Every structure is written in C-alpha cells, then in structure tokens.
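Both complexes shown next keep chain A, but they swap its partner, so chain B is in the first and chain C is in the second.
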Partner chain A sequence: MSVSTYMNAEAPSVELRGVSKRFGSVSAVDDVSLTVRKGEFLTLLGPSGCGKTTSLRIVAGFERPSGGTIHIDGQAVTALPPNKRNVNTVFQNYALFPHMNLAENVGFGLRMKRLGRADIERRVDEAMALVRLEGLGKRKPTQLSGGQQQRVALARALVNRPAVLLLDEPLGALDLKLRRAMQFELRHLNQSVGITFIYVTHDQEEALTMSDRIAVMSGGRILQIGTAQEIYEAPATRFVADFIGESNFLEGTISDWENGVATVDVAGAGAIRARCVDRIATGIPVSVALRPERIIIEPSEQPAAGVGAGENVVRGRLLEAVYAGSTLQYAVSLGDAAQLIVRSPNLGQAAGVGNDVSLRWSIADCSVLVA
Partner chain B sequence: MLGPSVVWLGVFYLVPLALLLVQSFWTYDSVNVVTNQTPTLDRYRALASDPLYRDVLWKTVRLAALVTVTDIALAFPLAAFIAFRIRRKSLGLLLVIIPLWSSYLVRAYAWRTILGTDGVLNNFLVWSHILSHPSSALLFSNTAMYITFTHVWLPFMVLPLYTALEKVPPSLMEAARDLGANGPRVFRHVIVPLVLPGIIAGSIATFSLTMGDYITPGLLGGPDSNLIGNLIFTQFGGTLDWPLGSAISMLVLAVLACFLVLASRTGALEAQ
Partner chain C sequence: MSAVMREANAPGRLGRWSLTVAGWLVYAFLYVPLIIVILYSFNADSINAWPIHHWSFGAYNTLANDADLTQSIKNSLYVSVIAVSIAVILGTAAALGFNRLRIPGKELFSFAVILPIVLPGIVTGIAMLTLFTDLNYNLSLTTIIAGHVTFCIVLVFNSVRARLARVPAQMAEAARDLGAGPFRTFWHVTLPSIRTAVISGTLLAFTLSFDEVVVSFFLAGRENTLPLEIWSRLRRSTITPEINAAATLLIAVSVVLVGAARFLVREEE
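On to the complex of A and B.
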C-alpha cells in the first residue's frame, strides 16, 4: 500500500465543516458540521423540512452551499460539480432512465467514464448479480416492480464503486414488508462492499435498525449524533427524545445534584432522581425524560418490597388501559399536574382502570433535559 | 365513438384523396385542353420522362429538410429557455404563439419589407457602411425563401418540443450528472432521446408544410425558386392539366408517406 492511499485511508470519508444553505430568506441547512468515517452507515434523520435532503444534495453536488466546506476522502469538493465527485446517489423516485434497458441504466456511469465494452458488460453483470437481478438486463424499467426498480437504482450507483453512496429515502415508496427486507439488504451491502453510506430518512425505525450512527436533524441543524443506543438511551434534547421512540416528560425544578444524578421536584410525583451528567444549579426548570417501556406498573396495595436504592417510586391512578396485542399501554395520572404513559409486556393480566397503582423505574432509565 | 370520426375522415380526407388518385389516371388532350376519363399511365410517364419534376421535387425535399433541421436547432434553446429558465412559462408560450394569430401572408410579406432593396436590412447595411449600395440579392432568392419558411414554421417546432422538454423529470438530469455525465452528454444521452417524440412531431409539421407550400416561392423566391407546389398549382390553374397535377400530388404524398414511415420507425409516434 502506498503512502498516499494510507494517508487517504486515515482521512474521514466525508467531512462537512460549517455548511449552510439558504434559499432566499429561508435557512435550509444551518452551520452543519459532520464527520463520516470510512465504510460507515450514517443516517440523517429528521422530520420533513429539517434540512436532511438538502444536506445530502450538498454532498452530491446538486446544491452549492451558501457557506462552509465539504471534503470527500480528504479532497475539497465544495466547488466541484456532481459529475466530478466520487459519490453516487440513489434517488427517492429511483430516477431510472426510461429509454434505456436495465443493463444500459446500470452501465451508464461506466460509459460516461469511457470504459471498454467488455469491462462495462462484466461489471454490469456483477452489479446485477449483487442486487439479485441477473439475466434481466434487456428489460425496460417500466417492466419492473417498485422493489426491483429500487435494486436497479442501487446497482446503477454501486457499479461505479463510489467512495460514498448517498441514499435519499430510497425505501419510501415500498410497502412495509419489502421495506424490511430491503433494510436488511442495504445493511448487508454496506458491510460487504465497504462503501460509506449516507442515508436520509424520516423513519426512526429504519434509522435505528440500519445505522452505525444517526444524526438527528431539526430546523437545519444537527441536534445529536451517535449510535442508535446512545440516541435512544440518552437523548440530548427534548426534540430528540420525542422524535426517536416515545417519551414521557415530567416537568420540575432541580433541587439537588450529586455525582451525575440530579434530584428534581415534580408536582404530583415528588422528588425524582434522574441521570444528569453536568451539574445544574438548584431552581433551574428542567424536564425528566422517561421511556414508557422502562416503567414497571404494580397494584399499589402490594408492599413496595424489593425497591432498590437506584429506583424511583411514585403512586398514581390508572386512567386508561389499551390492549395492543403483545403489549399493554396504560395512562396513569400523578395528581392533576402530571401523567405517565406506561407500556408493559402482555403477561396475561391487565391492571384495573380506576385503581391506585404504583410505578417504579431505575434512575439510569431517566435523564434530565434542560428545557 | 369511432363512427363519427371515421365518417369525418372518410368524407373530408379519404374521398378527396381517392378522387385525386383516380384523376391522375385520366387522359389529357393537350390540343383541345380537355380531359376525358379513359384510364392511362400517360401522365405518370410524363412525370418520369421530364427531369424537371424530379429536380424540383428533390429541391423541395432538400429545402424542407433544411428548414426542419434549422427549426430544430432554433427551437431547442428557445423551448428549453421557456421550460427551465423562466417562471412565467405561459407568457413565454404566448410570445411564441402570437405570430400565429396574424395571417401567414402577412408574415411572408413582412420578410419582403425586411429583405427588399429599400428594406430594413439593406438600410442597416448601407448605414453601417458594410455595403455601399443596397443589394437586390437578398430578396427574390432561395435564401429568402429558406429564411421565411424557417421563421413562419418555427412555432410548430417550438410548441411540441416545449411540451416534451417540460415532461423530462429533473431527477433524470440530476441522475445523469451524478453518474458522471457533463452538460453536453446529459443533453445527448438523456434529454434528446426523451424529447425525440416532440422533435418528430414538430418535424412532421415543418417538413410537410414546406413540401406543400406554393405561396412563399411566389412572394419571395427568384426565377429558379419554383417548388413542387408551384408545379401542381400551374397544372390546376394554368395549363388545366388536372391529371398531371393529380399525379404530381401523388408523388408528394408518397414522399410524405415515406417520411411518416421513417418517423414511426423511431417509435416516437406511439409515444405521442
């Protein structure tokens, strides 16, 4: 291996530094910095209009950023047009060329690179085999199902062996079952071909199951970036906690802080202890975020025996029980001010509506978010 | 629903064409300047033996092809500009259509005032000292005829081309760029194949309109500017040799039929 390729291997696959994009007075992407490692599966996740697609289009070269720089494999590409960048895109609507058959579609990039006919044919066959469409090269795109078109779009991008593959909500138009299968296939492809994937989606489940890391975006900014587990277990902001999975929020004020655990006074629930990495001054208003499935619900007449020192216990009244098959979902009121949603595995018996119940959860399972 | 349109086509197109075909086999008595209905191939023999008809037909086809190619070249940037670059597309289209509201004769005459000895162009050339005297070579020439045809048929090329361009999804152009195509190659490999039906629709219009025209040669053409349409007109209006006029018309129809067959070979007509 030569020195230069070794150096290149050390450079991040994609690096955005302070990238912004304004359309008129609207700021679509606002000071985004992001480093994507080689071979990583990184997902940009957020609601529509959060700037994730614009960010992807900036990496592809379809949009010129209003500010900031983009590097791919250590090379500055900010001013380069899309055809000069070593990246390929899988478009949301596939964007297959309707006047070309599948082999011509897949071979288009190689033809633009002026490869020989034999080389093109061989690599197109390989790419078609990779997405399990061998032998269909003579078909036209309109003769394919949505899932097949999706795989052609993938093959058309991967055949060029780009440094980075950009995927813009590629599974959005597929039905649920096909989507699940394609998620698995994409993850597998990413690991087998060693190409960096940047994946844009608004579907949190897709993001959680496929990604090495997730960047959660809102209002043109990246709010948090981390593994699925980091994002889910320790959301940095209330938006992240709410957007990824479901969360309960208990509003209160800080009354104490010690060794990464804060005590929060919550109306109706009393003193709640929650994870809090940085010290927060007493009296500051905060929210405590808590996942519904981490709460254990018990009839309140049961003695609170076995309650560990690392747990919070509160009492409440069961307002509602929803039967959802494998789970049961409860709404529990803690006085007039607060309410918690609890999700329990369905073990065959539901708690009775109107009864007093006792709720407990580990301190490690709830975290303090500054409002 | 098919019934009325079949009747329409039959009464207004097929019957007259059939009459023309039958008439082309009639006998023409040049001494008494009358025709009788004795069937003969005599008029077709006259067509084949006199090189005049072949030369004029060939010249007309060449001019029609040249006008068509020029109109494609002129219409592409204009249609692309309206489709992709301006916000008020309907205004752009209106500007293309407005000339069609004036008579074709008016537009042909307009070129006489532009190209004539005392015309706008000559005045400009003399004023700017490019010419010392007004040139009479501009008007009454094959070039003047070519310019006029190119201009008056241009909207018939722009409109179908615009419609085709507007239907090209922007994502396909982005995909081509993404796969390494520069501007000219996006144009050649993606845009042109996708708008081919529009180009062919426009070409059918400009080609057949030129093939059938006999007004412009009279208004702007020179002594050697007679087109096949003028020859047909002479047979019906001057020498009263209607069978020969019908036979020449059949020849023109055959050329246009060949053109349509070629056009349909590309598959563009099915897509319309």
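On to the complex of A and C.
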C-alpha cells in the first residue's frame, strides 16, 4: 500500500497518450498527448468545436477513445467506467437532478459513497457556503437562476474532493462581478485543496489569469501548451498568436539566421530581425508576429534617440488614430504592402494622422512563425 | 368614426357568438348522455322515463346483490390490474431500450410498438383469436389479459418515451460521474425522472382496459368482464337501473384516473 502510494505520488495527475476520438468522419480529438501535474490548473482553450468538451469527456470516462490511453494518478483508466474514476465533472449545462433539492443534489456523490448522514450534511453545508448558496438547500434547481445553478453544479463536484476536477466552462452564465469572484475562489481552492483542475473556457483573459498552463486547441489537436507568458510571448503558430490576444503579422522571407535571431526581408519595412529558435534556410517565406502594445511610436522628425542594437526601427505613415480611453490605437502603413497596428498608453498627446512616424520595438518582442 | 368601428365589429361579435354556441353544443353532445346515465342510476322506478319521480340508491343496492354483475366487476379488476402491471413493466423497459437505441430505422421500431393501438380492435381481436385457436388454447380471462396487454403497452411506452426524450442524457452521466453504478443511476436518477410518466401511462392504460369491449369480446371464455356483462344483458332486456349504476361507477373511475394522469403530466411541465 505504502509503496504504491509512494509511486503514485511520483506519477502525473492525468496523462493522455496519443488519444483520439472520431465521431463517424469527424475527428473530434486527434492524437492528443498531455501530461497534467498534481495540483496543476490546466486550461484547455480554443474556438467552438475544437474538441475541448470531448477531451474532458474522455478523461471523465463518458467517451471511450478511438485510440490512445489515459492514466489518472499512474493508474490506467482507459477501460474504467466514470463511477470508478476519482474524477468529478462540472457540466457545461449544469445537469442538476431536477427531482432533488439542492442539498440532495450536492450530497449525491457522498450518498453514493455511503457516508453517514451527519457527515453528508456537514460537508454539503460547507460546499454550499463555498459557492455562497448557504441556506438554499431546500430549493429545487428550477427555482434558481443560471448562475446559481452553475454554482450548485460546482458544489456538487467539489464536495467529493476528487483527485481531478473537470470544469467545462463553469462560469459561462455568471455576470462579470460574480465571475471574477468565482475565478478567484476557484484558483484559491485549487491552491489550497490541491485538487488538479482541468478547465475549459472560451475566454482567453480567464485562461491567462487563472491557469498554471494553457493548452491551445484547434481542430482536435493541441497546438501549444505552456504558461500564460510562454503562450503570449512566444506563440508557436500563427493561429495561437492570433487566438490569444491581438497580433500583427509581417510577411517576408528569411535572409539570414544567427544565434537564435533571424533577419527577415519584409516588403515596405526592410530587414526586420526577430527571435527564431531553430535555424531556417534562406529564402523560406515566414511571418513575423508582433504584439501591438510592444511597438513604440514617435514622430519621425525626432532623432531616433537611443535606438539600441537590439531594436528594429521602421518608418511609416499614420493612417488612423483611435481614441480608446486608457490607450490610443494607431494604424500605420509601411508602404503599400504592409500595415501595423500600434497600441500605446494614452499620455495625453495623439500623433497626427497623415504624418510620417517612426516605429521601433525590441527584437525579443517579435518572433518568426513559419507560414 | 365610431359607426364604422361598430360596423366592423358586428360580424366579429356574431362570429364569437356562434362559436360560443357551437362550443356549448359540443359539450352538450358529449356530456348529456353521460349525465342522463348518472341521473337514471338514482331512479327508484325500474323503468327509465323522464322526468324521474322517485330518487333512491336502490339501483346500487341491487347492483351489490347481483352476483353476476359483481363477479364481472371483480373479473374486470382482475384483468385490468394484471394486464396493466405486465404492460407497465414491458412498456417502460421498451421505452428505456428505445431511448438508448442509436441505429437507423429507430422510428420503425417505435411504429411497430405503437401499431396495436392504431389497428382497429376488431383486427387485434381476430388476430389473437386465430392465434389462440391455432395453439388450442382455451379462451378465458387469461386470453383477455393477453389482448389487453397489447394496447396497454402502447400507452405506457408512448408516455415514457415522450418523457425520456426530454430528459437530457447528461442526467445519467452526472450520476455516473458522482459514483453511481448503472443500477443506482437507474434507481436514483432515471426512474424518478420518468416516474410521473409511468404513472400517467398506467392510469390511462387502466382506464382503457377497464371498459374495453371489442378485443375482450373476441377473447372471452365463459367469464365476463363488466363491459361484456352489461352488453350481454342489453341483448336480453332493456337498460335497468343497476346497469346505469354500474356505468356510473365506470364513469367515476375513468374521470378520477384520467384526471390524475393529466394532473401528473401537467405538474411535471
């Protein structure tokens, strides 16, 4: 017993190896491999229909994968039914039991574990308090708002203290304020109780602020997995760069590569140097991804003071300036071929539309993506 | 201006009037015979004639002391209770199985289950009589039960199937997720979610079975159900007050059961 406990402590919380799921001709999940650490908050992020729910359902045991294996705490569970897995789910559409009141709903898992009545009552009360629904135990699910139902679904899963909690857009129906509070609550819970969270969301801001790591999915595949910073600063593909935040893309061809920095010839902008970990042969078409807020915009008649060796400088014409309160957003054309969006903090002075401007940004802030 | 409006309204008012009258006529057509039966069951004279001069519960007394009639009521109860019990189990099981079916031609299966109620009773009666004759099986209350099961299944099946279609599949998944095995999932989640549909199907099946004539007529042996007993008496004589009393009991039972079934379905929605 102690040996296996020790071994399990070493094992990842959830591990998918080469998992696929096909529905007829649709490949909902396509060769996904994923290792989730104990107590980690991992978010699956991606557009609608990319396979997030299906991935969760495979971990929960509702779908048998067409290929691949699943391990939970080192134990192979691929063939185990959901009730034999130490995993609980918060469903996208709540799935509360309509004929039971809230206390019965929340206590259902404990009842199935045949806990004593007093224990059940105490833990149900705790869970209801955690989601701020204390005192509503006698209500029926139909007497609740969408947000309240969602919190009951959360309590019903949490009360069982599973090894892994699967959450399918659990805050989708909440208003902004409650959503923020619940985000904080969930994160706190994850850190204090040590339950592994696999969290599905559409909302990139939620993903960025809550997760230890984010797996960006598209078309049933995981395109990139990493911390919020890794994903945002060094997107692996154009899709990732575009899906997480906003990005400019400058199209060009490789003219040189040295020590992780590539030089890219971009029509209208000249030679741009950008981060590029792997060597890419000269002449290959690529895009350079660049976040709008990393660009510094200045009137071009000013001497480009302090342009370091680590910076790119280009000249362009200001096409448009949009006032957005705390920020100003500019569209700058670089010749006919290229255009950049720039976002700067609003320091009280907007650049004049129609004027020539100079743009600069650090080499470290832009990266090369193979098209 | 107001004259124009009044003119425009006139046909509307007339239309509403005629609709109201038509509505009352429909109700009268449906209910006057029933009310007459009920009233005559309290008639003290042995000949039914309007107006009723003497009121009494005599007919019910006669009914209680009429051995054949009371026996037929017992037979009817026996047939209906057994037929409906079998139908509830089979119909519910069929609906649950149907709900899980993920094959093309699913609707064909459903149609095959529903067919017995679409077919005229006379067809069911002839078909089953042929079957029992071929099997050399003696006609009795048991054969009537077999006949009743066919259409009672349909009522339960339809009622439960309609409910299951509205219960999200995720209900059962949530139960499994929370640690319930297949049996406890069925017992704690699936069954409660179809409970009222099963009950209302049962009540409707019972009402239909209790006053069924055509299929019973084909499949009856020596023992009569209540409707068959009434019918055979009418062939021999006229309507007597105790027949009105028996009919009134039938009406009362039907109203209560159908009302309860409606109430349960309504409550769930």
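One rule holds for everything that comes next: the second predicted complex is superposed on the first by the 369 of 371 C-alpha atoms of A that agree within 3 Å, B and C clash if a C-alpha of one lies under 4 Å from a C-alpha of the other, contacts with A are read in each partner's own complex, and residues count from 1 in each chain.
To be clear about the criterion, a contact is a pair of C-beta atoms (placed from the backbone, for glycine too) under 8 Å apart; a residue touches a chain by one contact, two chains touch by 3 or more.
Owing to the predicted nature of the structure, the values given are computational and were not obtained by experimental measurement.
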**OP:** Record, for the superposition on chain A, whether partners chain B and chain C clash or fit.
**Re:** clash
**OP:** Using the touch definition from the top, say if A:113 reaches chain B (first), chain C (second), both or neither.
**Re:** both
Subject >> Which of chain B and chain C A:249 touches, first, second, both or neither >> reply: neither
**OP:** Using the superposition on chain A described above, determine whether A:95 touches chain B (first), chain C (second), both, or neither.
**Re:** both
Original post:
A:62 contacts which: chain B (first), chain C (second), both, neither?
Top reply: both
Subject >> Touching both chain C and chain B, counted on chain A across the two superposed complexes >> reply: 60-62, 81-83, 87-89, 91, 93, 95-99, 108-109, 112-113, 156-157, 160
Subject >> chain B residues within the chain A interface of the complex >> reply: 169, 171-172, 174-182, 185, 189-190, 193-194
Subject >> Touch list for chain C against partner chain A, complex >> reply: 168, 170-171, 173-181, 184, 188-189, 192-193, 195
Original post:
Taking the complex as given, what residues does chain A use to touch chain C?
Top reply: 60-62, 81-83, 87-89, 91, 93, 95-99, 108-109, 112-113, 156-157, 160
**OP:** Write out the stretch or stretches of chain A touching chain B in their complex.
**Re:** 60-62, 81-83, 87-89, 91, 93, 95-99, 108-109, 112-113, 156-157, 160
